[in-house]
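Look for chain A in each of the two complexes below; its partner is chain B in the first and chain C in the second.
Let's turn to the complex of A and B:
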């Protein structure tokens, strides 16, 4: 069962990576260690560290305003591309996309 | 097991429901006015009093003490790996990663996150939710922005005894550094304790100068070599020239010998464009302009004495206060003197007497700043006494444009390197004025009070956005001007060229007219001299003219008073008519005479007074 599930994970990640405009994907764990990445090492570490901190800050902001609320998704749009961060309590999925119309 | 908290309370206090019922109003107390008490009170005058039900507030200001901060960075290495995993080892990290991937939590999370992420990515691809709506409108905003400038930093003299910032120079390579020369130019105010040091500041760090330059005598001016950003040359208060290499420390690499240097403070030193990049020339109030090769500062390579009679006589030389050199015209240069003259010189002249080409007389005081317009080298800006003047090289009589007399002395000026019609001036009351001559000629476009003390020097950064000005108490202020004043507007060059041409033409016409009048004057006086023969006759002729003019004047006044008297005395119309006719004739005559007088006066404005009485006397002779 773990095998199929693992395959399911692989398939999900591959599907995301194959989407139009996606530049890179990073999966980060609670300690900030990148588990899976499609970018080079130094960039990955930078993204992992910085977005971990940003996500924690965003989450605490949301919960400060309303304790019942929680952060579901974080989008950072910059001049060059958009960075999407999906947080879970242990892991973080970061995708860098260049939205092309 | 659950955690519970138990407490006991009286049933009655437990929040029994309260039962409300209606009751009619009943009067509790009624106190009537007691008229007998009126006498114990004095009625006060009515006045308005504000009442406000709020807390008392007070305003309080706090200025934090200045603290010095030092920036330093941290280098982050990879971290967060558990103790048993060595991040450098590829195998261990891969093994760790594989272990995490097998974790159930991981799998669940990823599946969930994956679907969410998928949705968002598709959203992004479908519609661009952040389009730029205002792309086209951005370009028009610049025009409405009023000109403004803000102070970014102030670099203060670290010494106890503050000296004036007399010279400023930007680092040639990008301009992240500013070199400032400090000296005290006031008469006999330098004390032994005054430090002779000058500093190089990094514009990001106003707390501490980046480098100190230690000359033997305070520096009055300082320049970076535009070709080599590590070398500087400075002119000292005692007349020597010193040469520094910033890679070699604070002491000058070489100093010129005292015997061959200037005998007065060196007010300006400029690097020349040469193949070796080591030539500079300096000017001082002792009347000399000296050329130096910085590799051999023991003796100047060339000398020039600013003698207006072109004999090279140092005793009669004019003291130089400012210099200008434009790299597009390498053989010509200009010197501004203490006497208010601007001397234009040619370096490559054959004989020393030909070195001084021409002189422009404009100011009543020393010409403190002199600079050619970087876009129109034929026009240059001078600043001295209370005005700033713009000159054209061809017109030697006067400047083509000038500002009105300002309230305080102007000490320095500079053209903007990016906008040909903008120049900056600093004054002794601490004001920085920005003039845009295409916009307004009467007043500065922007006037800022930079500090309370006098400003003595000014330098613009090569991008045109940053302005550094130095004050009397050793503070160099760095200001940023807004983009309206530092970006080239369309048509600016052509409009400015047209303006300069127009003003030059006007001056030329005035000059030509003046010359004409003078020529006529001279020829007329020569003629009359020939006719009468001898200088005495000329004098007599003048006396005669004066007598004739006086006679004519008395005649007019007499006829006028007579007419008035007649008007008063005679009442009858017949007599009046006749007399009126004759009076009106007289009046007409008088009027026409006075009119022609006026016309004559207006025609010969600045010139010959002699002509007037002559012409008038001619007329009176005709009439009489």
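Let's turn to the complex of A and C:
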């Protein structure tokens, strides 16, 4: 059961990484340590650290306005790419995509 | 008697002398004279000196007794004329009151030394006596007190002072009896007066007035002093002498203590922090139960101790009721720092999977945004780069109706399979169910059902493998997650697409003895009324199969079971046998039914298309005879479909290259359409406009608009090379058409520039039909 689930999750991750325009995927654990990535080490660490801070700030902002609310998704669109962050309590999923490709 | 004393008194007129007598007191008890005399004597003794009083101490006992018995003796003074000029005491001591709290008060005054009336009165005199009183025995003190009382009374009689005479304590008990209620209630006047000033410190001022007597002396002295001061400087008489204070040697003493460790502690309080702390006791319980459950999760390659560690940390986390939410973010999920285990845990968590889903859809949303926007008829956001090119394209495209290819649902699972059926979910219009037939490769299972979501055109939400090629699909309306699948081997299965588990098959008809043994060509969930009076609508599953039976399925204990609605009997063409003897129609075999459709409003009436090309109209209530038979086609009827907008109008398409438009009450079709000489595989009405329908031939997609032309389709979309189009589906509320082909692709096309008005065009269709009607007669 767990094996197939794991396989399914792995498959989904691979599909995401293979999508059109996706530059990289990073999975960060609760401590801010990237545990799975498709980018090089320095970039990964930089993205992990910076987006963790940004996510915490964004979550704090959302919850300050209404404590019963919570952050579910964060998208940062820049000139060159779009960074999508799925924040959770114990992990962070960061995907960098270039949609205009 | 009195005269005698008076005479004595007159002798000593000048002075009122009270001559002392020593022991005459006792003897003079009886007589008044004696009494007076004795009192006089005793009093004088006392008045003279205190020491005499002491001398009397010896006879105190005797005196006491006498005192006990004798009443208070009053001194009387008589002058020459024997006038009683005894100075009256200004204050008559109340004997009862005095006796009551006699000695106690007296002693208190001595001890306290307070400047009360009594002490003031007796102060200067009691002091010497007090020593004696306290030192000596009680009895003696009492006697001296007694003496003193009398003395005081006499000597201070002139004084305007209330004197409270403490009496012998021994008398006190007896006196108490005398104190009656009246005495207590009696209002006693207490006079308070100022006492003498007691000087504690007297520093006389050094200032003297100029007018004072010794002012001159003072001034003289001052001047002398000033001169002295003046003469002092430079005078040999005065020598300066210095004095030095020797400072003692200082001794250093050092003390050392541990440095105080200072720890800075700060916290940022936010609104959500306070909210979390408030509801954290409840959440902690939930979290505890969740986390404990997760700790039990089977993890590949994890030590048991690791799991125990985690549960311990969970327990400790749960015990702390007040967990700051900022800490929650930093909290480690496990006690280890092993990234591998973290990854495993994270990846297996539900939330991660959900995150992945959302992420994938977001990414695809980015990629497919223009297409999806076009599908949903939203204004398409154009990339700034390609604006110029877009404009050129727009200028080129004419106003003619056309289809634009948006995207195609396809994945590697479905590649090589032919799309046999497509159906929209009744509840979620974004969900598409697609049934695939045989695959080219023999590796995979023969049948496949995919549930696609519009939000993800690259991978199906669900992919269910079936045991045989799928020939028909339908979603239920009552239970929107139930999908009925009809297969080539005749079995029908119902799947629940809500669950992630792709192996979940809710029901199957494989055990049913009545099941179809030939391919189920069409399935339909239809709502039917239970009773004729329009009771509740019950949904049932109907199927038509190649064994010529139309069955109604219902769920029983062991799966599905069916009852036959109709058996499609072969009907011979009676015209052929008209000349000969009338023979009954040969009910040999049943003819396969290929398609059926229920009337949109009257769900008990349905049409069936057969392999022979006949179309029968049947009723659910009559399972023996057809209501009507429509003959036109001479090849298998591939599809029949009622018009959703125009009543009693239906279309049929057949392998004889034609499409026929029928009206219910006419035996012959009203209109027939043909374009190319290939079989028409599928036909569907356009849901929005009554005059538009689409048809799929193997090599092209045709869109017909009867308003514009009844001879030719208005849009023709050729199939991709090497691919045959197989099925067709229109999307509600959008202008899109989906085409499934033999390569497993479901292509979505957008219909553009259909020059149709706003109305549903029913009247136009009616008009067309009416104009066509005379031809059919």
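Criterion: the second predicted complex is superposed on the first by the 100 of 101 C-alpha atoms of A that agree within 3 Å, B and C clash if a C-alpha of one lies under 4 Å from a C-alpha of the other, contacts with A are read in each partner's own complex, and residues count from 1 in each chain.
As a convention for this text, a residue touches a chain if its C-beta (ideal position, glycine included) is under 8 Å from a C-beta of that chain, and two chains touch if they have at least 3 such contacts.
What you are looking at is a predicted structure, and each value in this text was computed from that prediction instead of being measured.
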Contacts of A:45 with chain B and chain C, given as first, second, both or neither: first
Touched partner set for A:6, first chain B, second chain C, both or neither: both
Chain B versus chain C as contact partner of A:60, first or second or both or neither: second
Which superposed partner A:86 touches (first chain B, second chain C, both, neither): both
Touched partner set for A:68, first chain B, second chain C, both or neither: second
Which of chain B and chain C A:95 touches, first, second, both or neither: both
Touching both chain B and chain C, residues of chain A: 2, 5-6, 8-9, 12-13, 15-16, 19-22, 27, 29, 31, 33, 35-36, 72-73, 75, 82, 84, 86, 88, 90-91, 93, 95, 97, 99-100
Residue numbers on chain B that touch chain A, as the complex places them: 76, 78-82, 96-97, 100-102, 104-107, 109-118, 120-122, 124-125, 127-128, 130
Residue numbers on chain A that touch chain B, as the complex places them: 2, 5-6, 8-9, 12-13, 15-16, 19-22, 27, 29, 31-33, 35-36, 45, 49, 72-73, 75, 77, 82, 84, 86, 88, 90-91, 93, 95, 97, 99-101
Contacting residues of chain C [partner chain A, same complex]: 270-272, 274-276, 297-300, 328-333, 337, 339-340, 342-344, 346-349, 351-353, 355-360, 362-364, 366-367, 369, 383, 385, 458-459
Residue ranges of chain A touching chain C (in the complex, touch as defined): 1-3, 5-6, 8-10, 12-13, 15-16, 19-22, 27, 29-31, 33, 35-36, 56, 60, 63-65, 67-68, 72-73, 75, 82, 84, 86, 88-91, 93, 95, 97, 99-100
